[in-house]
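Please find the structures below.
Okay, so subunit A shows up in both of these, paired with subunit B first and subunit C after.
After this line comes the complex of A and B, so read on.
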């Protein structure tokens, strides 16, 4: 059983509480620049999208790391950093296709989501359900059911009375 | 830590900038935000200055909990002498500006003088730069922000800006952040415009250290649940303050057709649910789980396809109820226009509805309106007048002057139809059936205002023991309290208590929707005391916070008195007393405010404040609060 952070950006209100609790949990400070999760925002379109490490199975950051500092932690299903090996070259920052690895400007080190060692604060505080920490194999079930429902509805249409 | 943010003094005439720390002693007396702004205003503005001249001082601030884990601590406060009322000018808004200001190292900005040409401030990680704004002068609110982000090359920049209305010194121009966070009422945008200051752009990556992080995380989670568990918050989270419209209009608690009726009747009623099909999801301010702003796209008409946020309770009131309209698209488009021009929704709606009544009464004619048919219900005229006010064209130029100056210019008996207190238009809610609400707007420091002391929960008919629990702390109160909102008994204490409550959160930087404003079980002085300790390390009891509010409210009063306010201005216009409500449920129909009873409430209110019978703070009151030497020029 592997749990992962599952993002539904349509539910995101852009409040950035996830950023706050993340940086407080890890650094004891509120500072979005030191958060492992960030909200990308298109203000004039009303779009807000949480961006966080996807804990890739075949992670580009792991492949790109020249000192083998980044590695998979299969127990918690995450990518972790061995800071004893990390030389701060930031190759992983560039390699991540989601831009989910941050450079902490104060600590001068790369930071990315460590799932709070199994209890991610972002998901705990997000009441809208935009960020959920759930079993990966069930992550698609809600959407699957929703889509199936729509399909069912469209199939039933011909037998419904025409007038509405 | 969260208390190490600085105060910056910026002189736009000389181009000098000076930053200083804020002593903990001042924090304990005034916290931050509106509380400390009250102190700064009383200390930095000389009596009698021209509100639109270089001697006025513009204050921009973050509450002391802003950017911490304290829930909904997103509020920015802006203050100056008001060009609308001539008294205390102040606005408070949500969004993301003041958290970013704190990340950039500052809590308070004291902006003096006037720039020779349009400028904007660029504040980043402890640095403040005055930059040329000629490229953005003339632009609307959202284009200005986008252009500044582009110029400085950073998407994450938050900017507080004025629109065209502020540039044109419309006396109720707003300061705005993002596309709809509005610092409304009292014309702070006009003050910014008068200083040739187009915007303040902020960006920072400085830590806000949390004093007790583990405890702060747990306690904030608890306080958030306290708010979001309430049904009223869940309703707010679906469509925003629009839902209040349904509840108040159905009872007859809204003013329509200026002040002639108190309900949109069934044939033209506009229901909040009608907006749902044009909205997609909700947006929130910094750190807030209530998320009360609806995202919408204008469905048709001239502004089809434009994205905006919010239509609020006040948007329906101002652009449907007061001008007697019922068109959804008009409300959505009007909301967008006032946001982008940067104007106060209430004041715009109030001024247009007033002009419509004058037109109906023949005081304004087609000659005055330039041929525009200002009949009630003419939706196109509402939109047209918004443009004309912002651009100060024709009649719009007169209406841009606000209630008293416009009435003076139009003359005849036009003032008789103005619904204002201290020269500021009232909210479109009809307060005749509810004396507590009427007392609140009559005595509020910035004029007719529902966000300074309104005991909104008075409308809930709460049982007396619940009222005792709320209004009996942090200072004991043994006097009368009554559940019935049409009653006068005990309402003076509720308004007095509520005034301290709102000042407390305005100084902490917390949104009023996370207070007793919305629900009886919401966070209160007790919770704020703990949030303050866990987040900033500042040890203050609930009573200490109450006293901060007392001190700051007292200074706002002293500021107003110094500018010439008299007891006579803590009063309502005649229509509240002489014209009974015509519509609504039986409890509401036929109601007026009783002059004698209101006088009695005001006397009681003055008594609780420690003011004399003329509404002037007594020397012993000032001494008890440590204000006897003000202005003391400590900051």
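After this line comes the complex of A and C, so read on.
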């Protein structure tokens, strides 16, 4: 069974350690702008929400990519980019409903969570348990399935003819 | 089962792959007049600029067709379809089918300007066109029409060091997908890089003896060695029409939500069809990659008797303008013949610009310059036809719902402060 990153927003304190370890792991520098996970801060609400790729099965970013650069890697249950093909059009950035794709301003490429090839560092370092990398329990799976189902359903909902 | 697919673009290829994935036995043949393997038209400007090798344009190779057991007949013209006998006719032979998928695409429109047939006047659709544009590069180039492809091609040729003139008949660049403000932001970026932009100007003729030497507009004369025309696409429907397939009000093949035409066992997908726009619910031509891809998939499923419904076209455009990300989806404020009024919400966040169009409490379009990471949530709200009040309710909910979608949107745009 594949493991998934499971986020518990209520536990996130907004310390941004995950951003740091992510950029260190992938780019060798501490630079949140080059992280694949991002803390979305919403000050008026007092919320901090870790935003990271959900590795969607029927991924909107994959269907939007005009060069087939973005694709699913079924082995690790993740979505990856073939940078040889990518033209940097950022259509995937727009298509992701979660805003989970980042643009690395230095490397000039789209980056998103690759699950660290199976050992996500963010989950390893998150002290509060807001990010965990776990076998998805049945309950969780059901919840995810439900959410995915809703997403799919809404995307497949036929368009209502314009009201006259 | 014998499936014939007319057209070797993204729609036809996606249909072929979908069918192959679901049925290892199906006999699938792609037929195309073009000799190219499947390519990404979106990558052409990057090839013209020299940033991208030619080989990279192609999404398939001869080998990959063979691996998927997809037969190809390339470089041959289909002359007729006989729905009664379930056959198609090529120049030299005829083939029978159980299911036929029309993915014949669209071709660039060349307006009837005097001189449009001179050597050195190009359109941009295929790798062959790009090769010709590269081979024809001189000192100066005029681009007629400033759609996203026109703008990307202008940038590409400017990167090659040419003098580039972009001429647009409307009052702003990319007039169909951006409103005045974002359009002018993008205009100043490309002007700064030395591209000369003339809007509100009509090209009256292209001049030269046998080869282009210049362009005359209603305001000026420009010397150039090359003209690239990008003023729109026309669906290829002639074959379908002859066969008795219904053509829709916009001049493209009419299909239902399963991508079926009016004739039994004939499906159509991609740039040759008209579908319904998700944002407006109106019939639309949306020659965009992701729509063609999805339509091809839907056609593939339904061919095999698995019912899948096409939810409608999404007009998403995203382009890189000298490192600045410009994105737009849904309808714009300045849409011609708009039936209902829109409320516009503009936001400047950091160096980024967001513009949101709202009709009847619902998001019908958005444009962004700079960071676009909140666009996806908006797009999702549009697809779901979610009223703002409901988004607000979701956002207020405690504990926080697992899906942080609308929080992103709300955070960026202060949706609560928007009174629909």
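Heads up, the rule we're going with is that the second predicted complex is superposed on the first by the 136 of 164 C-alpha atoms of A that agree within 3 Å, B and C clash if a C-alpha of one lies under 4 Å from a C-alpha of the other, contacts with A are read in each partner's own complex, and residues count from 1 in each chain.
Keep in mind that, in the parts below, a contact is a pair of C-beta atoms (placed from the backbone, for glycine too) under 8 Å apart; a residue touches a chain by one contact, two chains touch by 3 or more.
The structure presented is a predicted model; accordingly, all values stated were derived computationally and were not measured.
Shared-chain residue A:124: touches subunit B; no touch with subunit C.
In the superposed pair of complexes, A:33 makes contact with subunit B only, with no contact to subunit C.
Looking at the shared chain after the overlay, A:107 reaches neither subunit B nor subunit C. Contacts of A:10 after superposition on the shared chain: both subunit B and subunit C are touched. Using the contact criterion defined above for the overlaid structures, shared-chain residue A:66 touches subunit C, although it does not reach subunit B.
Of the two partners subunit B and subunit C, it is C that touches the larger number of subunit A residues.
On subunit A, the surface touched by subunit B in one complex and the surface touched by subunit C in the other have residues 10, 41, 45 in common. Residue ranges on subunit B touching subunit A, taken from their complex, read 67-69, 96, 103, 142, 145-146, 155, 178-179, 205-210, 213, 216-217, 221, 224, 228, 280-289, 291, 295, 307, 309.
Of all the residues in subunit A, the ones that touch subunit C in their complex are 7, 9-10, 40-42, 45, 47, 49, 51, 60, 63-64, 66-68, 84-85, 87-91, 93-99, 101-103, 108, 143, 147, 151, 154-162. Residue ranges on subunit A touching subunit B, taken from their complex, read 10-11, 13-17, 20-21, 24-25, 27-34, 41, 43-46, 48, 105-106, 121, 124-125, 127-128. Of all residues in subunit C, those touching subunit A in their complex are 40-43, 46, 52, 56, 59, 257, 276-278, 280-282, 289-290, 293-294, 308-309, 311-312, 316, 318-320, 323, 325, 327, 329, 339, 371-377, 379-380, 383-385, 395, 399-400, 402-405, 407-408, 410-411.
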